[in-house]
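The same chain A turns up in both complexes below, where it pairs with chain B and then with chain C.
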Partner chain A sequence: MKGYLKYFSGKLAWFLVTLVAAFILNFILPRLMPGDPVAIITQRVVQGMTSQAGVQKVYEQYAELFGTNKPIHEQFIIYMRNIVQGNFGLSFSQYPRPVADILKSSIWWTIALQFPAIIVGWLLGNTLGALAAYLKKGFDKVLMPISIFISNLPAFGMAVILLVIFAVRLKWFPTAGGYGFDMIPNFSWDYIKSVLIHYQLPFWSIVLISIGGQAIGMRAMSIYELNADYVKYSRFLGIKDRKIIGYVFRNAMLPQITGLALSIGTMVGGALVAEIIFSYPGLGSTLLTAVMGQDYPLISASTLIITLMVLIANFLIEILYGVIDPRIKAAQVE
Partner chain B sequence: MLHTIKEVFRSPKFTIGLAIFVVMLLVVFIYPLIITDDPLDIIGLGTFFEPGIYVNLYDGLESKTYVLKLEDAAANRIASKLGEQERLDIQEYLLLAGVPEEEIDIEDTEKLLELWLNNYDPTVRFPGSTSAKRKYYARLDASLDGLLSTEAAIIAVKNEETGELEEKSLVKQDDYVNVSKVANVRVLPLGTDNFGRDMLTELVSATGVSLRIGLIAGLVATSIGLTLGLLSGYIGGWVDDVIMFITNLFIVIPSFVLLVLISYSIGQEQRGASTVAIVIGFTSWVWTARAVRAQVISLRHRDHVNLSKLSGHSVAHIIIFDILPYIASYVVMAFILQISSGILAEAGLSILGLGPKTTDVPTLGLMMNWAMIYSAHIMGKWWAYFPVIVVIALISFSLNLMNTGLDQVFNPTLRD
Partner chain C sequence: MKKRLLFVLSFVLIFSMFLTACQPEEVEEVVEEVEEVVEEVVEEVVEEPEVEEPEEEEPVAAGPDLDPAEVAASLPREETLYIAGLQWSAVVGWNPYSSANNNAMGVAAGNNARVPIFETPYMYNMINGEQIPLLADGDWEWNEDMTEATFKIKEVAKWSDGTPVTAEDVAYTWATHVKYETTAGVGYGEYIETVEAVDPLTVVVKAKLDEEGKAVNPLLVKAYISSEYVVQKAWTETLEARAGGDATALKEDPAMDFVSSGPYTKFYDDDQKVVFIRDDNYWGQDASMFGSLPVPKYLAHTIYADNNAGFLALKAGEVDVSQQFNANVQDLWLVDNLPISTWMDDAPYGLTASLPTAYFNLESYGLDNIAVRKAIAYAVDYDTIIANAMTNQSPTFDQVPRSVMNPTAGEQALYDQAAVADLQWVGNDIEGAKAILDEAGIVDTDGDGWRELDGQKLSYNAVCPNGWSDWQAAMEIVAAAGEKIGIEITTLYPEWGVYQTVFVNGDQQEYDIFMVWSDGAGPTQPWGRVRQLMYSKFAETQGNWNGNWGGYINPRIDEIITEIPATTDQARLVELYTEATEIYLTDIPSFTLMYRPDQFYTVNESVWTNYPSADDGRNIPPMNLLDGYSIAGLYELELVNP
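The block that comes next holds the complex of A and B.
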């Protein structure tokens, strides 16, 4: 048990450290900027207001809300206390709706869209990459240039192309939204069907983007492993090809899992922009409305939630890695 | 050294990538020399003019006319107003108006028009017909007016004294003008965007700006990454611990989030293209730092480095002459990738509305952002978004191809 325990507690400690760092960054970055953020926010909110006393009042209210009239360490304590209580303040652009409420309605859309898409893309990409490495020649020659080209399309580019072909031209799928615009979320069959239809294009655009990069990485890893000494030795011993391939891919897979953990942040960022193209009701679109509406509390809370999601995903992948990494298993036996 | 460069150019992938990239660079530099218009000039009154050759109608009337007897001219003229779809629409209307189906022959233009003239009544409302449909039929009716006439059109000018129209010239149906003889002709190969700017000029200028953003972002990221990687790998000890702690933190905290937070905090007015580029550079150095450190650690105890140490060379000397040459190829590859990811990052930020300020210069991301805001993709205005996507994909494709080519030269196991 010692090997596992050491590995897992190490990962957990690291997760907590990154969590704290994420909170600090989220707190400090907007405050590091030159100028008085509250003054800027007030200026945006009171556009068109003429009463000087009114402007002053608004300023004081926001200063109170963000606690900018207090010393910085006290501000941080207020900030942390609010987060722990799930209190992100009120949204500016959708006043008086609480930010937590807006996020609650969009976060599940993003989770349900992105995580299956990234996992499916990862699996497909690795399978194709491994096949390309093993089959070489024809398959490799066709697949690689396509993968390289596709992985170079930005996620939003792929989203626009799929949208134009399948939604605007062929009209197979709707162009926008997470469900029919004439529906109210409920558990009826119609609603679920509508959600599934709206799900397809955003899902496949993320899958296609992640396939390319993963396939290239897996191909390189597999080629490296196929040339390793243990493969040559096994061949020499007369072990069946199929069995060797099994070993090779298991070994090539491990760095790919680490790769997924490390690149998941970038992938989520790209996928959020793809969500915007489809007006999918997830965090990406929320972030867009927040930026457009100069809604500082909503931006701050969305970025924090996105960071949290990525950190948790990262932590889960690391745990999974620990379970399947033979070296940690080996430490167990000793 | 020379041998390595030769080897690099022998890689087809690198050469193709470089060729695409150089062609794009050449276009960016040469195009503004030939067409000197300001890329942000609004020339079109209206949104999304289609690509094509725009001939000034007034000058066209003034220029010399040529008579060409072309057989299919009349047929083409009718087809442009009365195509397949219009004929079907007319049939639908006539059926609603109670004309028996066997009387309608949509192939016979003359009969169809006669039926239309006799039956079309703009005041009638059929049950279930939308007002959009009614307006459509009114427009169709206006465009069909005089379709079959063979008379010449009269160009008249107003007499300044009496206010009466006086015939100035006749435009007959077989009159032609030579486009090269018309005083004002403007070619818009990619049409105009939502503001009425020339798309091609804007796109070329935006490509230049985006490449500059990528370059600045890449330079900033590579220099930070290289410095931190060298320090951390070569000095080791607590310096290494601190740097690696920070690096690992920024690897898991998504750079996208940092970009959004910083860009928003800077504010729209202060966000020039270079500022955005520097911000992108500051959030994307982590990979370079990590990889450089790993390479430096493996180099640190090689014989030639030890020998250099024994000879009493300074740390700076050892790093520059004994370590840098060995990691140079890697650093160049990382730099190339950072240019392309910098361009993508700018595009993503701009779509979120956090890109460079819009009044200054066009960038690929901003063009994409405007096309999306004006739903060019839904309305089928392909020229407003598709060329932008193609340029972004071409830039990152060529850079990645160069990178893969270099990788194969320096890592022989990856060769085909």
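The block that comes next holds the complex of A and C.
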């Protein structure tokens, strides 16, 4: 009991320290990029403006508005104050749209695409990997090379292959968008069908890539565990095969769970490729536009979300480990 | 503080108690047969996407009594014109006083102001430089000393709320621009004193005067009346009241309740598309204007992630009008046999109007030497740039010899080509370039293959933004030309965000030869372009987005730039422009690499047809059917299968 408390409070303390550090970095790093976001906005706004003094004035107006003419520590204090009030500020690149509004409209697409894809990929991969380790022979011989091949395809490669084959050549699926180009979102069967059809290619481009890697990892871990002493001992004791397999997979699963947690944490970044190639809405492409446009508030807010997701996923996994595998808790508490 | 700590600790305690309750042993039982569990979950999760509800934003209200989802859950294809290549991220606002609406299909004032929603007094026609009356009635007129421009407002012109458009609206719009320091107010403030309503339908635009009592720049007065929208006074007052007199608040307002005078209004928008709907009460259906409503009921623009996605959609027939650079556009009809066409059937396919230009940084070592600049400019193989980078979507310098003019007939007529013919190089003249360098004594003295000037090797970078593939291809060819004549040129492609903070500083030392676009077509052209290319005042300023980025100084060109706007005599104008061209081609402070359309224009005729084209005699410019007089094309579209 006391051990758990100490373990959890220790984890929680580290969680908070990391969060604060990440928070500061999220603020500083985008601002260290070379370039000047206000100049980008000014350039866009003053296209065709003839007066030089006018251009300067527009620049100064925006610099004042975004506070980029203030010293960085002052900017940080303003930023902190706003964040505490839940205010992410106004986006630079989509000014005057609030950052929160941009995130709100894109993050659900990302989660709805990535979360199921990661889970499905993980489950399929692990099942296949475990089966390969257990069944060996033909199954393993076919699955392994395919897994290695697919998992080594870069994500954009898979997305482009699917796009070219199923959308451009066969025309089974659309090439772009989250729903039909001729649709207005509404709650009709046609619309839902359209969303589902548009969902397929981005979804499978993520699933297929992750299956391979997961299967390879799970297969290796399972083979290792299958040859462990406790397995041989259990067999020697005459314990049923199914029961042993249960033990084996539970042990083999541990590192895989870390992988799952991390991929859930980093799904926003991982969504980028599918989102860009299929013009799918979501946070990944939002973040990319933000980086290209040096949109500090939007970058900071997006990275803050990613940081939080990774940290929370890690934290939960650590907690879960403490429960699933008492050895870890014991080792850390000592 | 203590209390809080206690609270946190007790929370953690309860949480851990809860977790301890789930003993590992029990968990063990729960996961007795992993395979089964895994399989079950697989089944569950695989189904998940099926039940997943799409998350979308509240649809933006399409008007007081219009719910887009009810009116049209799916837009009828035969009533919708799909446009691509303008809008690359979600619309932010509809505010005609703001330049930050990110509403490219709808709200874009400027030389070829986009007029589907808000309207300008005149529409600019880039083909011939005419300003055609829209809200205005008949042509505008200068007074005798060119200090006041007068025009009438059409009596039939109405706002979307049914009230008439008046001269007072025009005057109040300008006053608001000035009062709140909008981009238009700041941009035209140096040239326009006031805009006054003489009577309900008569507008007088008074120019700012210099010490001699002449208009500071009559060209900018002329530009204003076809470049800036007229906004309703009553609605402006509502907006002002909402902003409480604060300039930032006024410009930040997304103006969802706008009142406009144009044929379309907002219907639906989200992160993936923008849709406008026709206003069937539009005043312009009056016989004195268009005589009918525009044909498509909806204008829609899907937001694609990149050029390629837009290109695929064009091929799939999901885009009707594409404002994108589509490489090898002719393959769409020659190879793919698609019903796709461009402004012209043969190269250069479009109407080119701007001059992407490479500037020499005159502060870089050796580039202040005219022989070096000339040699590089002569050696570049422009035909290859045009063939590769532009896939022939630009006339060659044989077809349109280089000057400060764009290829439109109107501008070409403004200079005496014969007078500067010996200065107009075609390029790829390696021997000529070498001879120029040899003659200037710039030779390879140390035998390393590169030429030296006063003992120092000539070595430059050729720079343009990363990802601008046609420009990058052009820069590669410039670098190759350097190698052929013994001048080391390496390419450098920084991100746009970085690039555009460097080249705008007059004293920058980082870029030697760098690419910038040029002004396209507009009411102030080609004067604006001459000024952009060579005006001394721009040199050495920080944050210079206006021109002359290489830092070229020439008092004579400044005089010409000052004289042109007030010159009305055509012969004198030609003299001045010819002299400007002569100076430009002699001193070579920068050099044009290719010609480029103001807007790319590729149309798909699977649903709509009768698009404006070069040979149809209608004189409607290829500007997306939205910009300036190009909107006339919307009234002439026909269905392929009526």
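The criterion applied here is as follows: the second predicted complex is superposed on the first by the 235 of 334 C-alpha atoms of A that agree within 3 Å, B and C clash if a C-alpha of one lies under 4 Å from a C-alpha of the other, contacts with A are read in each partner's own complex, and residues count from 1 in each chain.
Note that a contact is a pair of C-beta atoms (placed from the backbone, for glycine too) under 8 Å apart; a residue touches a chain by one contact, two chains touch by 3 or more.
The model shown is predicted, which means the values in this text are computed figures rather than measured ones.
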*Should A:29 be classified as contacting the first partner (chain B), the second (chain C), both, or neither?*
first
*If you stack the two complexes on chain A, which partner ends up touching A:185: first (chain B), second (chain C), both, or neither?*
second
*Counting only touches as set out at the top, which of chain B and chain C does A:236 meet: first, second, both, neither?*
neither
*Examine A:277 and indicate which partner it touches, taking first as chain B and second as chain C; both and neither are also allowed.*
both
*Using the touch definition from the top, say if A:21 reaches chain B (first), chain C (second), both or neither.*
first
*Using the touch definition from the top, say if A:224 reaches chain B (first), chain C (second), both or neither.*
first
_Touched chain A residues, chain B compared with chain C_ = C
*Applying the touch criterion given at the start, work out whether A:311 contacts chain B, chain C, both or neither, answering first, second, both or neither.*
first
_Based on the A-chain superposition described above, do chain B and chain C contact any of the same residues on chain A, and if so which?_
33, 35, 37, 40, 168, 175, 276-277, 292
*State the interface residues of chain A toward chain B in the complex, per the touch definition above.*
14, 17-18, 21-22, 25-26, 29-30, 32-33, 35, 37, 40, 140, 148-149, 151-154, 156-157, 160-161, 163-164, 168, 175, 220, 223-224, 227, 262, 265-266, 268-270, 272-273, 276-277, 287-288, 291-292, 296, 299-300, 303, 306-307, 310-311, 314
*asked:* Taking the touch rule as given, give the residues of chain B at its contact with chain A in the complex, in rising order.
replied: 248-249, 251-258, 260-262, 264-267, 340, 344, 347-348, 351-354, 368, 372, 377-378, 380, 382, 385, 389, 392-393, 396-397, 400-401, 404, 413-414, 416
_Of chain C, residues touching chain A in the complex_ = 9, 12-13, 15-17, 19-20, 22, 24, 27-28, 31-35, 38-39, 41-42, 45-46, 48-50, 52-57, 59, 68-70, 72-75, 77, 80, 82, 89-90, 92-93, 98-100, 102, 110-111, 181, 183, 186-191, 217, 220, 227, 248, 251-252, 254, 268, 270-273, 275, 300, 302-306, 309, 312-313, 316, 318, 495-498, 500-501, 504, 519, 522, 524, 528, 531, 537-538, 541, 543-546
_Residue numbers on chain A that touch chain C, as the complex places them_ = 1, 4-5, 8-9, 12, 33-37, 39-59, 61, 65, 90, 93-97, 102, 104-106, 108-109, 112, 116, 119-120, 123-124, 126-127, 130, 167-168, 171, 175-188, 190-192, 195-196, 199, 203, 242-243, 245-246, 249-250, 253, 275-281, 285, 289, 292-294, 319, 322-326
